[in-house]
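Structures incoming, each one as structure tokens.
After this come two complexes, each holding chain A, first together with chain B and then together with chain C.
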Partner chain A sequence: MGRHSSANESNLGVLEPTNPSLTTPPFTVKRKRVTLLSMPEHFQTALVLLAVWAVLVGATSLDKGYFLSGQTVIAVGFTMALVGVVAVAEALYGMSGARLDLAIPAELIFSAYVVTVLLAHRWNIFLVVVAALVAGGTWGLITGCIIVFGKVTPIIVTLATNLMGVAILEIAIKSEATMPVKSGLAQWGQGISGGLPNVFWVMAALVATSGFLLPRTRLGQHVIAVGGNPVAAKLRGVSLARTRFGVFIVSGVVVGLGGLLLAASVHSFVPADGSTYLLPGIAASLVAGVSLKGGTGNLWILFLSIGFLSTVPVSMSFFGLSDIWQQVPPGAILIVAVAIEGIRSRRAVR
Partner chain B sequence: MTAASTEVPTQSEVTSRRVWSYARATSSVFQGAVGSILIAFIVVVVVGEVLVGRQFSSAGNLSIIATSTAVPLLLGTASSFALLSGVVDLSIGSNAGLSAGVFTLLTLQHWNSWLAAGIVLLMGAAVGLINAVVVVRLGANTIAATLGMLTLLGALLYVVVGPSGSVTHLVKGLYTFVNQPLGSVTVIFVIILGLLAAAVYVATRSRFGRHCKAVGGDETAARRAGISVQRVRTATFLLSGVGAAVGGLLYAGQQGGATDSLGANLPFQVYAALMIGGYSIIRGGIGNPVGGALGIFVVAGVTDIIALKAFNTYYTDVLVGLLLIIAVLIDRARGGEVFE
Partner chain C sequence: MALTALLGLGSLTACGSSSGTSATATSVTTTATASSTTTAATASKPFKVCMGTGSATFNWAIGQGQLLQSIAKKEGWSSVVLNNNASATTTLSNVSTFILDKCNAVIEFSNVTSVNPILAQKLAAAHIPTITYDIAQAGWYFVGIDNLKAGIEGGKALGAAIKQKWNCNIDQLLAAENYKVGLVNTERTDGMITGVLDVCPNLKNSVTKFVGNGDISSSLPAARSVMAAHPTWTKMAAVGINDDSVVGTLEAAQQLGRGQDIIGWGQGGDLITGANVNPDLIGSVFYFLEGYPEWTLPLLKDIAAGKPPAMGDSTTNPTVLIPPCLTTKAQASSIPDFGTRLQKMMTVNPGTTENSLYCPAG
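Showing the complex of A and B:
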């Protein structure tokens, strides 16, 4: 987390004395004012998100008093479970310098379709879960082969594989894929515990696990190094190809899990459904401070950005805006988030 | 005075020199990426003739292709300058859709159709300007920012269109104008081909085109040469915003209204076709409107063949995806961005 934002850390001691590991440099001449913009990026992002979120929740519950209850929260919880999974995959892509994975819609449906087909063949649920993850990983492996061996940019490759993937799935599925209603997976997937859908908790566990593992595993460190500066990483002996394959396979497995959750939580789906989650997922990843230039980002902040993004539609409906407005915020938030990221990365260059 | 005048070339020399330079410029248009897309285009035509037979080049089929490519061709031509200058405007799809929706809604409420069209064009320009501010002034990633704009405008279209999912209102003058036949194509299609020719001239011969190419090819070098990178890119965003709005008006004329998802997939189709035609969404400075147009015709030809042979229409997307990957590989072999 620290290595890539070292330019900001020299200021950190002045601004944030509570952090003992980063002390005031003795030669500091200019004492900058403590402003939000002079703090390290992850703190900024986390604080701003927390503040905005708190204001949103506060305003809504002052107005209505029963904010975190009811069917709306559960409905949003289902959507956000998938958005969160997509956000983790997009964050991995972004941090590794691969920018964006535009093929996630096709990937989600692919793994969800595998789940429905295998359940229809009465496979054991445990094997179905494994198969969904393997399906996602295989997709990631194929994407990785095209990108690494062809040395072509992921955005264009994933644009093409999404186009092809959705089309092939349309041909294969014909109309819509349905979940066997009586399967244990469907009953679990539509179930609720602790006021939120079961699938939401899986997403939360995924964010926590990946947030914990990223800075602590060799692959995670290589991802950050390669994303931040591929040339330097190569000179330090990091294999670019191996790291790329690692990222594509791991994020494929993550999306495979997303497909499993999608299949488990709906009665039926069509290939076009996958695209619902792409943009909010990208928005969640960028709002959480993952730079598209690679090398920066903290997966834990995804909790805040996902929470914030899930609250917006809930409070909108509480404030009486009709449902047709609910798709407006993600786009606007994404624009603001990338604008902020742009300003920041320009500041970092100067 | 007389000595100086002997060095001035005669009128015929000037003309012949000018003719030669135009000929060189025209032939250079067909080199490189345009050359390979031309081959692809010829292949599609030959395959069409062989597989489909006489129906492929029939007047009726040409008119279908002309109608279906009118809007993509217009949008592709307008937004190709953004690609040339090194930025991407993905919002063109929903921009066109929203323009069609707003125009239909306004005329439905008995607004003057010229006034409604003016408002729609201003909206398109405003969208282009916002894109420019966010991407050019604030330095946001162009793909992510305009993807956000695509969703935002798509969501607004959903609001404009309302719960029924579509608005319909036929503006008679526009309908007749857009569908006015000329031979086996339409007048509007010929006008768009004229715009394409103008775009080729601007991209290859004019100062603006050279500046776009310079800014897209090497931003730092262009800046050192005294070109305002921000101004050039702002202009290209404005152009693609207004172009999308005009495309929306065309949609409204062709279809007599708008649906809630109108244009959502258009940018991916248009940019896939432009990339097949030699543009790149990740590096500027390359591509030519002729290649872009051929790319759009190749995709339209493939779509048409698959429709005429009654294959599953989704095979089009599979082929377009494959063509896209091949095009990127060819571009990389020509010195495009190497991703490691």
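Showing the complex of A and C:
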């Protein structure tokens, strides 16, 4: 759980040095044994999130006995699906030190639009799925080229590409992109398996897989190393450009998957709809302890933050609070999460 | 001939400059064509009609500009169309361009209502008669839909369906509101509730309102949460400010496995044509927004002739009140999609409205 989740030194500690000259002093990196004490922050984050989520569910259930019904689980599951995918993409960006991907709204709609167009042309569903992922990956590749070759700050690039992307999509889509309602994908997207939405299981599989692979693959380790301390990572022979390209492409593919789920689970959408998922995705990533400064975070904890944040609006509906009020708790939670991250960063510096 | 060409070139340059000025602040949807400008130059008294469209986000807004230019061309007028982009500063900039460009009449779709009094002051100072679509402003000719009638008629139609299907015995009437648009929401969405209650007064205490924001991405999760909080509701009906908010509500029920006993009636007709209509959306009220310029033609002709009509600048005292078109899903299946309708309107004789072409009630 926490091999990649402690301080930067330990992140670098799991790297295999690619340059033999760096294995001699003073560049020798001591491998730290991973103990419970080396990962308290993330462990604590997980416990706190689990506790808060349980309190929310428990408190609502106490007052509204029927809260813990299959209907609530489905409602939360649908919300978790899209927010979760976006949160994974944001977490990858954050861990790599690229801070935030603000282009996700346009990227999401772009992939979803590709899905609706290809389905309207009666493409095979397997090819449509591949096309959605390729669309997202291509977007990530283009973003990566601008950032790496243009040496522009990622947050500025993603802000700009989102503005341009939404405008171009508005021109292309004209008003609304509509999903062929009788397509297999649309039927699947509305479907339930094991008491939860089909789209939820895809998100859960993504979180589980990416959480498993990140600390265990070379790219994953490089992402954490580059995000934590790019200078040190470079000295250890890690290619910053190649790693960042990898992050942008993988993150793009993840958002492409999100576009696929969006198209599958809603009847129609407009370019502006993508922004609906951006802030909850960022909030979930930050609440899970992913640092905006890079190098730390655990994708498995994301599952808890996504679940908690997705339960809040449903819970509030049980108390008859309008949607306007439902924006307040996630905003407050986001502020608290950012404040905690700031405190942690200051402690790490000391 | 040479003089005509020279005048045409001069006029075209003027249009080009105004478009160029605004291009920095706005996206120019379309500008006067060379042919329409040349035609204007040959007319006895050149007339230039200018329009600020709502936003390039909506196809009907783009369609309004295109249809206006088509009409202007047929009438021998020149035309300039700029995109207000739902922005106060862009709309102000566009109006300044219209004044500099010496437009003889201006049509505004300015949905940032706070800026409209300022625009009205500037246009009045420049003595340019102004027409507004759907959003009333003192001193501007009001041309628009009767939103209250659209809401009540849509509600009555849904109420009739509820009565026929369940003898008015449903668990809840769900209303997806969009409070951001103020009076329009009150007239349409609350108008629909009034219409339903007119047929089924027993539902008076069975109405739940939630924020749908006029789009599926907002109305779907909001309705899902509301329905999850009320698992005992099985028979439901949905109303909203537009088709999107109603479809979002219907989809929420379908996702929760409760789609078998819900019906909805939308507004605007955006999601009830074509092959991908939600099975529980049983009807909608069409406005044919893209066709508004055709309703405006008599008014523009009067202004061009120097005989502007008496001012009707409110929804209660409108200059032109466009009748809503009540349409069931079966009837909507014979209404072509937006693109086809717009192309058709470009070719019809002046004075032909989309209501006369497509509305079942004529």
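The rule is short, and it goes like this: the second predicted complex is superposed on the first by the 305 of 350 C-alpha atoms of A that agree within 3 Å, B and C clash if a C-alpha of one lies under 4 Å from a C-alpha of the other, contacts with A are read in each partner's own complex, and residues count from 1 in each chain.
Convention: a residue touches a chain if its C-beta (ideal position, glycine included) is under 8 Å from a C-beta of that chain, and two chains touch if they have at least 3 such contacts.
Remember, predicted model here, so these are calculated numbers, not experimental data.
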> For the three-chain model obtained by superposing on chain A, do chain B and chain C clash or fit?
Replying inline: clash
> In the superposed arrangement, which partner chain does A:267 touch: chain B (first), chain C (second), both, or neither?
Replying inline: second
>> Once chain A of both complexes is superposed, is A:96 in touch with chain B (first), chain C (second), both, or neither?
In response: neither
>> By the touch definition at the top of the document, which applies to A:163: first (chain B), second (chain C), both, or neither?
In response: first
> Where does A:292 make contact in the superposed view: on chain B (first), on chain C (second), on both, or on neither?
Replying inline: first
> Just chain B (first), just chain C (second), both, or neither: which does A:155 touch?
Replying inline: first
>> For A:279 in the superposed arrangement: first (chain B), second (chain C), both or neither?
In response: first
> Who does A:178 touch here: chain B (first), chain C (second), both, or neither?
Replying inline: second
> Is A:45 touching the first partner chain B, the second partner chain C, both, or neither of them?
Replying inline: neither
>> For A:198 in the superposed arrangement: first (chain B), second (chain C), both or neither?
In response: neither
>> Running through the overlay: 22-30, 58-66, 148-156 or 274-282 are the candidate stretches of chain C; which one clashes with chain B?
In response: 22-30
>> Need the overlap of the two footprints on chain A, from chain B and from chain C, as residue ranges.
In response: 170-171, 324
> Where on chain A is chain C touching in the complex?
Replying inline: 64, 66, 69, 71-72, 74-75, 78-79, 170-171, 174-176, 178-182, 190, 192, 197, 265-273, 276, 313-314, 316-318, 320, 322-324, 326
>> List the residues on chain B that touch chain A in their complex, please.
In response: 130, 134-135, 138-141, 143-145, 147-156, 158-159, 162-163, 268, 271-272, 275, 281-282, 312, 314-318, 320-322, 324-325, 328-329, 332, 337-340
>> For a test of understanding, state which residues of chain A touch chain B in their complex under the given definition.
In response: 99-100, 146-147, 150-157, 159-164, 166-168, 170-171, 230, 240-241, 279, 282-283, 286, 292-293, 324-325, 327-328, 330-335, 337-339, 341-343, 345-346
> Can you list the chain C residues touching chain A in their complex?
Replying inline: 56-60, 62, 210-211, 215-218, 220-222, 224-229, 231, 244, 247-248, 251, 254-257, 270-271, 274-279, 338
